[in-house]
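What follows is chain A paired twice: with chain B in the first complex and chain C in the second.
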Partner chain A sequence: MAKVRNWQLGRDMEYPYVADRPAKQFTMIMDTNKCIACQSCTIACKSTWTWGKGQEFMLWNNIETKPYGFYPTGWDVNVLELLGEQEWDGDDVYTGQTVFEAAPAGERVLGWAPAEEDWSHPNIGEDEPTGSADETTYIPDKPHSLMWMYYLQRICNHCTYPACVAACPREAIYKRPEDGIVLVDQTRCRGYQECLTACPYKKTMFNLETRVSEKCIGCYPKLEQGLQTQCTTACIGRLRLTNYLSAPDEVDPRKPADFLVHVRMIALPLYPQLGLEPNVYYIPPVHVPTKYLTQMFGPGVERAVEMYRNAKDDPELLGLLMLFGSTERIWHTWDVSDGVARAYDEDGEEVVAVPLREPTFTRPFEFATEVAGEPVTGFRHNT
Partner chain B sequence: MAQAKITRKDALLYGGAAAGGFVVGGAAVTAVAVAVENEKAPVAGAPIVARYVDGDLPETDPGSDAWGDAQPTLVALAAQQIAQPFLEETLVTELDVRALHNGSSVALLLEWDDDSVDDLDGIRRYHDAVAVQLPTAPGAAPVLTMGAPGIPVHILQWRATWQRDIDSGGKTGVDQIYPEVIHDVMPDDVLPPRTAQLYWVAREAGNPLAQVRRTTPVEEVVAEGFGSVTHLPKQTASGHGVNEDGRWRVVVAVPSARTGVGAPLEPGSSWPAAFAVWLGSEENRGGRKHIANWQTLVLEAKA
Partner chain C sequence: MTASCTNPFLLAFPTTPIERIHDTRSDYEILAGAAAALADEIDEPRMRAYWKGVLDGDPTPYLQRVLSGSNATRGVLFDDLHESCKDGVPLLMNARTYPRHAGWEQRQEDKPWYTPTGRLEFYRPEPEWQAAGESLPVWREPVDATFYEPNAILANRRHPSINPRKPEDYGVPESQLDVETRQYRNVVRTWQELKLSKHPLTEKDPAYRFVFQTPKYRWGAHSTAVDSDWIAMLFGPFGDPYRRDPRTPWTGEAYAELGPGDAKELGVSDGDYIWLDADPEDRPYRGASSDDEYYDVARVMMRVRTYSGMPRGVIRTWFNMYAATPGTVQAQKDDPGGPAQNPATGYVALFRHGSHQSGTRAYLRPTQMTDSMTRKAYFGQQIGTGFEADVHSPSGAPKEGFVKVEKAEDGAPDGGKWRPVELGLRPEAPSDAMKAYLAGEFVSRTRKEA
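For the complex of A and B:
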């Protein structure tokens, strides 16, 4: 075991390999507040990468309803249960154990292997709120019920310290030095499925026809052309940003991911306590109890929620969020002036411009007309 | 009986010792195989003597009468606990090994109890297998770590999945794992075969594990330590396995010349040989396997 620095935990931790951060790190930022679980991302991914025979159950990208949705079933509660209750020392340092440090004798990672039926219910718990069945989601009175649910967007986290890499006895999984994308070498994998047991996010999957593991490839053929991933560009809620994160000691506040993760700290990692330093970051939902969110996104949830609630008064942040989903191209810096947010490529050329506030138009009543000789009073919506 | 296991300490302590049938991990062999009619009873710890046969070897026939002439050796198996990940529990303790050779090939018959035939790979679904490990160079046995850097070993692994690939003509995928499966449109339904093949990435990339059309159920690899198994570009091994009455009987055969791999298996020579067994139903795969310490394989001189 080597000692590696995990900035999300505020401390060094044990990992089977020495730290070797990539030149830049692929990242995705998800604004959970904007998701309606339409699964456009899921279908974009599925129809691009996993429609082959043997991949029937595979969803490299999925959206699940929290707290009762899982794909595969129970993926997060199972590993939390295995790890047991752990502690943070304030907001800064995780004093509990990671899945590497808690690995039992003879194993490199504390993990569990989903059964085949666990992969068979990707929509389990869909739209189920907390609370009992005698409550209803139609709540005429205020204050509203304390029931809640929200949608969690999931791809491979392309972790800095991947558990799949740690567990593979053949070193068949690797992290690309140029962008930190984690890939399964399709010529080297021998199908032991150790990665399926080790990955706490359960984002490696077994191809039933080729008998080897496969996983989210971060749409690297698109990235190599300067384009954002399929799940990002298909998102109708414009809640995703494909970008690159600098190493924690090289933070550049002009870069969007660095700004969101390290400067404003509005985007938080998923289950950072597991110790993988995941590289997908979430703007937490503003309506969910802090206790639950803290378990899922670590300390700093309250600050992130507060930041998000105030985004309307923060043009720099608002402009950045408005640029999500506004272009297929990967952009590297942005600015906001005269009510317009502009994104720029690496050469400083403008990629896209988005107004902070869309112009609105009021349709005059004169649009009303006749239908079948009868006068229609009101607005027409179908012509 | 105490839990049998082979640890890293055992491997380092005993691995370099001269080959020769001591019982591994301190575990006593308490069970004695029952002699089958016209069969010799297996002897624990004895060298595996490959009888010389003048003529063809039963390379793909585990039921051949020719095997009756070979003396079986009982080889003790134990859970692999040298390298992570470990096999937690030993669930098969004995492998019966016998061998024949004809000067140009060596064949081994390997038998172990397993009443569950596991010959399809799926999610948490693993296959039965058996492997024979031989040094590439003559001399003392290397450490029991599947070779070491600069000290390659030659491994022959029979897999139940590969046997089914052959026996079924490659019908070993989704349709067999889930016989009631209903498919939507699949690439091979709508695309030319050459294009559809691209959707099986590992197969297209040439991964030998991902193929289903094959001619031998025995993979021939070299390794220089755990996790370093490398598929040989020229595959020369053959074999055949059947499971009858809860027992696998598997033949693994290889040309004696071992061209490009190692020193030839000459008549009259003696070699360390180690073994491994995987029980698919017990989620054995990769390093989670049952292993045996080095035994001695003696190739009888030509008559």
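For the complex of A and C:
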């Protein structure tokens, strides 16, 4: 076991391999507040990567309703139960155990093996709130203590300290040094499924036809062309950003992911306490009890929710959020001036511009134009 | 090509460079083909000429006619639209404002509303409306989907403007409450009276006590939420691409949502199968009898999902799923464990028996069928009176009913509860871990000393 620095926990931790951060780290930021669970992302991913034989059940990207949705069945309840109750010391330091530190003797990771049936019912719990409408559906308080639910967008977290890598006896899983994408070498894998047991997010999957493991590849053929992933560009809610995150000692506030994760700390990791330093970050939902959110995203949720609620008066943040889903290209910096947010590529060339407020234009009642050489006249109506 | 009256964009789906798969035709090609065959049969060349564009493989003249004939798309050349959409850029609708604000000319300028007075009208003086007691906006109980007396107007009986023609005025006794009569009964009740009344079915059999609603699903229109096996798998909680429970009709399946309190009273668990029955007078069809050949094709069976968001006494099933047919029911009988797929046609049902429409029917509304009402035309800006399709005409969407429920089968294929219930992950019987998870108890924060 080596000692590695996990900034999300505010401390060093045990990991089977020495730390070796990639040149830049693939990241995705999700604004949970904007998701409508349309599953366009799921289908975009599935029709690109997992349409084959043996992959019928596979959703590298899935959307689940929290708290009753799971894919696979019960995944986060199970790992939290295994790990038991854990503690954060205030906002900064995790004093509990990670899945590496709590591993049983002779094993590298504390995990559980999903049954084949657990991959059925991928949309169980859809739209299901907590509480009960037996008495009333009127919800007076915020956050909603009685009835709430929200949608969680899930892909592989391309973790800094992946449990799948730690657990693989064949060293078939590796993290690309150039962008931190975690891949399974299909020729080395022998199908032992240790990664399925180890990954607490259950984002490696066993192909029933090839009998080896597979996982989300972060759409790396697109990334290599400077394009955002399929789930990002298909997103109806424009709530995803594919980008790169700097190591905590190299933060550049002009970069969008660094700004959201390290500077403003509005985007938080999923179950940071597990210790994998996952690289997908979530802007938490604003209407859900803090205790549940802290369990899922760590102790920074109150501050993040507060900041999100005030985003309308915060042009720098608002502009950045408006640029989500506005272009297929990966962009690197942004600015906001005269009510317009602009994103730029690595050479400082403008990629896309988005107004912060949709303008209204009024046209004259009568119009006259020409179509294929013929005059066309008419009147414009709204109603 | 597509547009809507609220969306500011005009779109064309670019023609695909991929060749059509199998021997398939679009609707207009089928119509044109039939017309061409008839033209030869009866020697009438005009029937072929009518579809010339389609038969020559170029439907764009028809699309151009639609664009040129519609107010907000006049002046657009189809080829320009198509080229632009190939690059992913839609055109703008030619409305007064962008974005389109409904009623903008009436609010910002002096254009009249499309009514006889040109103003917004909240009182309907036409005699048919007065006879119906609907000159003012009033609340009527639903014709079927109510716990109380159906279709009653809820109002103060002394109100001078709510004075309808009563059943007796038409020679019908007020006590006549069969499904046909009650759709046009005009009776006024106060809430004090209404809340003591009961649905006529409940009077006969207290098991009838659920309002059954079949709304459209938020994911798509018509059947798009179940059109492919992947989408069916993602539709609701019972999806499984491998159909591990051999009873399931397809990779997903229809379900009825009940509040947990109602489910408990009925003795049904999450994931169980139920039978659902509406008014036997006309559903699942008139004169139905359990020994009819097609009775189990028409009577609906579905899974139950206990859903905490359902109010007491209300059951919901989504509107969009493929119904069982004689072929799909026979297929599951002939091949136990196989899907509900008709081997002759390939059609797959999302129900083992019946459909959501086994429990609903359409009703006619007299005030949607008057000849004196002034309204706008469907196309253009003209105003006229009386019938106009989709503007002033009956819309008979069968969406609601009043039903009883009985358990049909256990949730697990070999008896017992559905697996997620057994695992303690459902609201019905949460495990200790699930309870701790819901309360966020797996993590705590120790406060730092100040």
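Convention: the second predicted complex is superposed on the first by the 347 of 383 C-alpha atoms of A that agree within 3 Å, B and C clash if a C-alpha of one lies under 4 Å from a C-alpha of the other, contacts with A are read in each partner's own complex, and residues count from 1 in each chain.
Quick note on the criterion: a residue touches a chain if its C-beta (ideal position, glycine included) is under 8 Å from a C-beta of that chain, and two chains touch if they have at least 3 such contacts.
Just so it is clear, the model here is predicted, and its values are computed rather than measured.
S.K.: Examine A:T327 and indicate which partner it touches, taking first as chain B and second as chain C; both and neither are also allowed.
M.R.: A:T327 sits against neither chain B nor chain C.
S.K.: In the overlay, answer first, second, both or neither for which of chain B and chain C A:E358 touches.
M.R.: In the superposition, A:E358 touches chain C alone.
S.K.: With both complexes superposed on chain A, which partner does A:E56 reach: first (chain B), second (chain C), both or neither?
M.R.: In the superposed model, A:E56 contacts both chain B and chain C.
S.K.: Does the superposition put A:A113 against chain B (first), chain C (second), both, or neither?
M.R.: The first partner, chain B, only.
S.K.: State whether chain B or chain C is in contact with more residues of chain A in the superposed arrangement.
M.R.: C
S.K.: Applying the document's definition of touch, where does A:R170 land relative to chain B and chain C: first, second, both, or neither?
M.R.: In the superposed model, A:R170 contacts chain B only, not chain C.
S.K.: For chain A, which residues lie in the overlap of the chain B contacts and the chain C contacts?
M.R.: Residues 56-57 of chain A touch both chain B and chain C.
S.K.: Spell out the residues on chain A that touch chain B in their complex, using ranges where they run on.
M.R.: Residues of chain A touching chain B: 51-54, 56-57, 105-108, 113-116, 119, 167, 169-171, 186-194, 196, 206-212, 214.
S.K.: List the residues on chain C that touch chain A in their complex, please.
M.R.: Touch residues, chain C against chain A: 68, 71-72, 74-77, 94-106, 114, 218-219, 230-231, 233-242, 244, 259-261, 307-312, 381, 419-420, 423, 425-427, 433-434, 436-448.
S.K.: Spell out the part of chain B that touches chain A in their complex, as residue ranges.
M.R.: 81, 83-86, 88, 121-126, 161, 173-174, 177, 181, 183, 186-188, 199-203, 205-207, 209-210, 226-229, 283, 285-288
S.K.: Please give the residue numbers of chain A that touch chain C in the complex, ascending.
M.R.: 36, 38-39, 42-43, 46, 56-57, 67-68, 70, 73-74, 76-78, 80-81, 83-91, 95-96, 117, 120-134, 137, 147, 273, 289-295, 299, 358, 360-363, 365, 367, 369, 371-372, 376, 378-383
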